[in-house]
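In this document, chain identifiers A, B, C, D, E and F correspond to the written order of the chains, with residue numbering beginning at 1 in each.
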Amino acid sequence: MSDELLVINPNSSSAVTAAIDRAVTPLREGTSTAIKVIGIAEGPPGIENQAHVEQVVPLVLDAVRKNPQAAGYVISCFSDPGLYAAREATSKPVFGIAECGILTALTLGARFGLISILPKVIQRHIRFVGAMGAGQRFAGDRAIGRGVTQLSDEDATFTRMRDVGIELRDRDGADVVVMACAGMAQYRERLSGALGIPVVEPSQAAVSMALGRLRLGW
Amino acid sequence: MSDELLVINPNSSSAVTAAIDRAVTPLREGTSTAIKVIGIAEGPPGIENQAHVEQVVPLVLDAVRKNPQAAGYVISCFSDPGLYAAREATSKPVFGIAECGILTALTLGARFGLISILPKVIQRHIRFVGAMGAGQRFAGDRAIGRGVTQLSDEDATFTRMRDVGIELRDRDGADVVVMACAGMAQYRERLSGALGIPVVEPSQAAVSMALGRLRLGW
Amino acid sequence: MSDELLVINPNSSSAVTAAIDRAVTPLREGTSTAIKVIGIAEGPPGIENQAHVEQVVPLVLDAVRKNPQAAGYVISCFSDPGLYAAREATSKPVFGIAECGILTALTLGARFGLISILPKVIQRHIRFVGAMGAGQRFAGDRAIGRGVTQLSDEDATFTRMRDVGIELRDRDGADVVVMACAGMAQYRERLSGALGIPVVEPSQAAVSMALGRLRLGW
Amino acid sequence: MSDELLVINPNSSSAVTAAIDRAVTPLREGTSTAIKVIGIAEGPPGIENQAHVEQVVPLVLDAVRKNPQAAGYVISCFSDPGLYAAREATSKPVFGIAECGILTALTLGARFGLISILPKVIQRHIRFVGAMGAGQRFAGDRAIGRGVTQLSDEDATFTRMRDVGIELRDRDGADVVVMACAGMAQYRERLSGALGIPVVEPSQAAVSMALGRLRLGW
Amino acid sequence: MSDELLVINPNSSSAVTAAIDRAVTPLREGTSTAIKVIGIAEGPPGIENQAHVEQVVPLVLDAVRKNPQAAGYVISCFSDPGLYAAREATSKPVFGIAECGILTALTLGARFGLISILPKVIQRHIRFVGAMGAGQRFAGDRAIGRGVTQLSDEDATFTRMRDVGIELRDRDGADVVVMACAGMAQYRERLSGALGIPVVEPSQAAVSMALGRLRLGW
Amino acid sequence: MSDELLVINPNSSSAVTAAIDRAVTPLREGTSTAIKVIGIAEGPPGIENQAHVEQVVPLVLDAVRKNPQAAGYVISCFSDPGLYAAREATSKPVFGIAECGILTALTLGARFGLISILPKVIQRHIRFVGAMGAGQRFAGDRAIGRGVTQLSDEDATFTRMRDVGIELRDRDGADVVVMACAGMAQYRERLSGALGIPVVEPSQAAVSMALGRLRLGW
């Protein structure tokens, strides 16, 4: 059996790819499965609108097809671009970080909130939560108003994430929060501490769910 | 103001394009809006799986961009491929036949059923109905087991549509049915007669909703 | 085939009847269907509570029965009084502006808000949205605190509609708004401009959906 | 404090009025509240379609207004005609047998089924269950195909009720059944025995809930 | 037939037991059924977390088993501890005050809010409302931040209940409120007056529903 | 950091404990985390009704408290007895096999079915799925009619599981099935082959999700 899990960052930002790689590092310890994180050079620097989503779907499918050595795949963008097409294209397990991030949140609280990058992505998240059938436990979705490439400005980003997290917790009733972008990974621990409630980093959640499934072979 | 509504059939089957054109012909009478129906030569002959959906999204977006003279657009495939990206790409109204077909069914009965082509499209429909938030009134989805290009065999197709429609009506409790493929248009009237309940032809439903909106300008 | 669509305003306010007539005027251009708008002299000046709704139901049914020449009917009051009884009484298509207004909003945003006249109508709207099965996409319902006959005071009315619209958008997360009274038609464009999101005028929405259906004959 | 609960049968069938009276007789024992059951001579013999519902609404409201001595009201028809208007017309508690029948079923099983008279009433029930927000626990609705006046033919009626109840239990997964017509009261015990699951008689359920509320005064 | 309804307060606070006893006193007038209220000496003084819930379940079941003379049982704690196990253990009717309080609220308004004692109980309430399938009509749940034993400080408790009730009414859109603790009974009337909307005392609601069911024998 | 995951089988059947142990064996390969499976001698041989569930809750909590060396816990019974109390009792992650089995199924199909042991457990599953908010994707729940201790009769058990799985797939529309009992583990692969759709073994699903979370430390 192959022992590689391929994590695909569909954007071209090497900073995001590196951040995902760092985020999944704790999951590498104590397992014999190789967790390989790749970016897609042809992708946009960040996936911030529906056009970006559609643009990367064929690139994600190509990445799956060109890496038949992998035993499973994680699509590491909170739009889960190409998730259903990839599942159709391969019999190996394919995971999306939005799906796994939200499912993991359901084990940590009664109502989850989403911290998003820009307001325009919220409509897509609402559709996705509806398609998942997770609306009963969806507290709300609030944007920090910063694009993917702006997430590296640590202080400004964290301040907004904390403020938005407090609104999700106190106004919307969220008792667990999902960071709705793969590029926010570095803020998880600090944010959870500031809010006093669990915070889900979705690439970590997806790789966690994937590793066991590779072992089980179903 | 432009007076053209562009109806885009994302597949390459000229038979389907012609069938859509015939279906919307009654809507041309008594209106000064031109209803133009086009196919997409680069599309697959039928859109029968998620790969087909993803493949035609950029083609649909191209068709929107290359036809700026149109005052509005209808995407005439029951997967509504590219619907949200097209809405983002243009400020003109864009309609999908799945969305409009289901919304129209909600004015005709208490619970709608979907008659699909192949079993493998049902998962996508379930996600779409969930994203729409229409699940409370969704009676069921049953496939006739015939692909798009097989729909022209009239007797075999109609027999299966009628049998599946009876199951939706009698087992699943549907009191209105939506034909979940643009290529089924010719069977609407006959099917409604056989089942004794309303049957929605989704391209007709979408063009109906679109024509008024073009007049209103919002 | 008859070529008249009868739009029934169930209240006796000629100002509201005239406002509906003006609202649907753009839909008259370019169609050969006559759109006739009538009021009901025996109705109350505005339909502001459940007693008013029940009072006008037989009047609406009378109007349907006394106008057999029409090819279809629109009930132009946001309570959709008599909608289901009218559908039972005639085999011609019958549309309600609440139903069509909400369905149209579903093509324009992810979550709709309702701008209502008085707080006491909100309970009825909640029941109606529940009966429609549209709750998953219902952001909220807020009242401007003005009755039907007070809607003609333009400045005061618009100011309240804008303030309430901002609350629906910013607190409740609505990205499309439906004006939940036929008497608000004149404010649609200005309100949409002020809010920066689509605003649905429900009589326009219903007549739009009706016109195509008359052509189709189903 | 008045000590009368007025139970209004909105149809003119004295057999149904008498049946309701017999059904609530056990609730008279041990209470000092008078339970008075009246029919409405101007009503139709049975309420079998939406026109009947609308026709009796003003008659029900009249009955409430003409009986101000009552401390509370039960509308004893499974369409709950005039329920919301009556609640608006009086500050005393008003109960509907559909609402109370379904709420009571929720204390007796995980999923309730409805046994209806005629197929055409099912659409109304679906809207009502949706408006109540009870859809998550709604197993199904099946009709026995007999009108109100045919319910007195005991053997034929019971046989159909049992057959339909078995379908609700075995196909639809109901573990509690509500008899969706005030005229079925006499069959409750026998039906529950035949099905082996609880059966709710809705007039009994509503009077039960009403009696306590009259005592409490809220 | 036995004529005793046993109301079980699963906590050991005699003040709460006495408060429940006072609350149900109006229901004793005019009925021949004895309503007996007992506390459980081995229970905690208040049921404020999941450990307390689990701890009292066997005590509640014991109380049911040791009182076979009763014709029915009410579990008078808003967690409904042991409700489903008790229903399994006896063929007599068993009622929970959370279930009955919420069901009763559904007859009094379009959306109910819950006033809870401590923030940590809200997760449990969310699960319970979800299990009941009542989420469509659930406006919100807010805590006063006081434990069961602090509820006897009248002024401080009432002030917080009123403030929280106003938030439920004005921010969350509740038009009926349920007091989500058996120990709040004394504040019902005053709170309803202050808020101007109905307030449900859940032990009263449950005993109301139970008394009729004992008479009916199903 | 501790490196033990404790899997608690709350029943006393050593056959079931051994079956769980075998089921999770593939997950032991390639990880340095010790997966320890224990039974509870004081538990009933199988957890088949609500009384059993309540009976084992304190035993599960004891097992958690007496094993503070563990870094996380899996409650390996499809009733998830004590899940919420255990989460309250420890700050370490606690997983339930019902919750994780269903969440995992959501990554494998559009609608999940449950294969249960006895009909009487279905009511509890319906409540649990409702509390989870997973109802939109719940196809159905069917029982094989065999208790926990009868599951070792391989041929009879498998035949029933296959028949019930076919009903879930063909009548209820499930495209993924969850085996709703920890004692069915041995049949997963064979059942998936027979049905042609994915089958989730819930102890495997829970241990998979738990292993990653132990690594991440949140």
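Following the convention adopted for this analysis, contacts are C-beta pairs under 8 Å (C-beta built on N, C-alpha and C of every residue); 3 or more make two chains touch, one makes a residue touch a chain.
Not measured: the values here are computed from a predicted model.
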Shortest contact path, chain C to chain E, counted in steps: 1
Chain D on chain F, rotation in degrees - Cα superposition, rounded to nearest 5: 120
Whole-Å separation of chain centres (CA-atom averages), chain B against chain E: 51
Length of the line joining the C-alpha centres of chain A and chain B, rounded to whole Å: 32
Intercentroid distance (Cα basis), chain F paired with chain A, Å: 27
Distance from chain E to chain A - Cα centre to Cα centre, in angstrom: 42
Multi-chain contact residues (two or more partners), chain F: 123, 127, 130, 132-133, 135-137
Arrangement of touching chains [line / ring / star / complete / other]: other
Chains touching one another, given as label pairs in label order: A-B, A-C, A-E, A-F, B-C, B-D, B-F, C-D, C-E, D-E, D-F, E-F
Residues of chain C that touch chain B when the two form their complex: 3, 26-27, 29-33, 93, 95, 99-100, 103-104, 106-107, 132-137, 188-189, 192, 198-199, 204-205, 207-209, 211-213, 215-218
In the complex, chain F residues that touch chain B: 109-111, 136-137, 173, 175
Sites on chain C touched by chain E in the complex: 122-123, 126-127, 130, 135, 140-141
Touch list for chain B against partner chain A, complex: 49-51, 53-55, 57-58, 61, 82, 84-85, 87-89, 123-124, 127-128, 130-133, 135
